[in-house]
Amino acid sequence: MTAPDPLSIVEALLFAAAEPLSEGAVQEVLGQRGEAGPLLRELQRQYAGRGVRLECGGGRWAFRTAPELAPFLQRPDRRPRRLSAAALETLAVIAYRQPVTRGEIEAVRGVAVSRGTLDLLVETGLVAPRGRKEVPGRPVMWVTTPHFLDHFGLSSLDDLPRLEELEGASLFKPAADG
Amino acid sequence: MEHRLSGAGEGGFVVELDGFSGPLELLLDLARAQKVDLAAISILALADQYLAYLRRARRMQLRLAAEYLVIAAWLLYLKSQLLLPPEERDEPDADEMARDLAERLRLLDAVRRGAAWLAGRPRLGSARFPRGMPEDLPRRREGGAAATLAELLRACARLGARRGGEVVRMPRPRLMTVEAALERLSRLLVGREWRELSAFLPPDYMELLPRRSALAASFVASLELARRGEIELHQTRPFAPLMIRRR
Amino acid sequence: MTAPDPLSIVEALLFAAAEPLSEGAVQEVLGQRGEAGPLLRELQRQYAGRGVRLECGGGRWAFRTAPELAPFLQRPDRRPRRLSAAALETLAVIAYRQPVTRGEIEAVRGVAVSRGTLDLLVETGLVAPRGRKEVPGRPVMWVTTPHFLDHFGLSSLDDLPRLEELEGASLFKPAADG
């Protein structure tokens, strides 16, 4: 048996996996056969422009179909759980202000975080508790997960538009500067 | 800008304003109607718009959730302060309060745009898809468990719900009651010479907390005995030893 | 937006499909954009020799990892085991009360903890014995392992919401099915 091409091993490994894999996990499988980092980037280059892309979010790699092909792949049985406007807004507050307590989320939104909203976000694997705030009651703080990045196709939290950019947008343009 | 009011809330009669999940959001929407940069909105105009909005809602005989009314009251107060010249205000920081409100509205606005931006992303499962037939190859060490954080937290919540039946035993602290002190003082205080109150504390109450409790209880007991006319109290100056004797 | 490459559509379609697809099914998605047969064979040619192959069996097409790579991909000998509600609850008690004896777990849960449950938790590497309690019988005490944190993506035990938080703040309030 000839020695397998390390690039093929990485390709097969990522193709087989349902969940994104870290560079470390890929390296562990590769062992002495090659260096995960350069191989991953080479593979990503080879798949650029194809129907399937090698994406990297939060340092974890996964093959995903190209977003522009979505219209051809819609299947009614596979839609992700819908996030309500309240859930999305809560998620946005967590994404931007993390780590953040429930009370802080409520202060930004001006309404109580309704029962089930945080549950749903934990359930869908988008947020997780992380540490406690050192104030009376030591409330749990919430952060977004690596799956959050994968779910929204972000390579890191830095991909989020900055709040200041969002602030200026459209509706609030000062009317032609007087 | 006109808004429909509809939709019965959970309580049956309390009506949520259509499309607004809270007063802050309603305020934001009204602020947008001013069509200026949020930093430049007029809080006075905003207060008027908000109050007019609620008046319309009430004319339609809708009961408003309390939080809307709380904000209405607050805005009315803020407005009254802003209209006064600074030197006549009860609230010296009225301008700052107005700025804070504008700041909060800007933050909420930005966060809502962030949420809209997220909603427009090519989401996994609706615009991007993972492998449809994963082969379950990797992760050698994963002979382990398949359980998610959500499953664990749900199990925790079940425990929490069951906790009602649990009995918690706490060690009974050795503290002296006023009754015990009263009984002790009446019994031990004999003769008419002045003696220090602290001399009557039980010798086995030497730790800090029990000792303090014994002192406090004995003091209250001495006041009670003095009120009954059984003893006299005397102290030369504040914090000096408290002397007692039978009358 | 430029018209998507039909080959990319076929590639993404097969990648995301939950079962092997017939040529007819592929053609249906393609519509007038291309001919399924030649596109499938072209795709098969492109993937030949890579870590992933496009295979056709019984007239249905699917991507599979190259069989000769299997030895290098470290197939796990055991499938991950689902934890029963009882096992999860036992795990939760250990997480909150550690170190804790089996008797103490039973007192909290109000039911006997079967040997199998603790064995399973030990096998999956989530809990481990740690010392003995100095009471009659010197029962073993149980604690969670570092792998426990890793598995649930927690940075420390402190990340777990307190029971009161779960209870009062409605997080994962058990529904009627509780």
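Points worth noting:
Lettered A, B and C in written order, each chain numbered from 1.
Here, a contact is a pair of C-beta atoms (placed from the backbone, for glycine too) under 8 Å apart; a residue touches a chain by one contact, two chains touch by 3 or more.
All of these numbers come straight from a predicted model, not from anything done at the bench.
Farthest chain from chain A (centres taken as the mean of C-alpha atoms): B.
Chain A has its Cα centroid nearest to the centroid of all protein Cα atoms in the structure. Note: centroid distance chain A to chain B, computed from Cα atoms, is 34 Å. Each chain gets a centre from the mean of its Cα atoms; for chain A and chain C, those two points are 18 Å apart.
Each chain gets one centre point, the mean of its Cα atoms, and the points for chain B and chain C are 39 Å apart. In chain C, the residues that touch at least two other chains are 12, 15-16, 63, 65, 73-74, 153-154, 160-161, 171-173.
In chain B, the positions touching at least two other chains are 129-131, 135-140, 148-150, 153.
Interface residues of chain A, counted against chain C in their complex, comprise 1, 4-5, 7-13, 15-16, 29, 33, 49-52, 63, 65-66, 68-69, 72-73, 102, 115-116, 118-119, 122, 128-132, 139-140, 145. On the side of chain B, the complex with chain C involves touching residues 129-133, 135-140, 142-163, 165-166.
On chain B, the positions that touch chain A within their shared complex are 21-25, 32, 35-38, 40, 67, 104, 106-119, 121-131, 134-140, 148-150, 153. If you check the complex, the residues on chain A that touch chain B are 12-13, 15-18, 21, 25, 28-29, 55, 62-67, 70, 73-74, 78-80, 83, 85-86, 88-89, 91-93, 95-96, 108-111, 119, 122-123, 125, 128, 150-154, 160-161, 163-164, 166-167, 169, 171-175.
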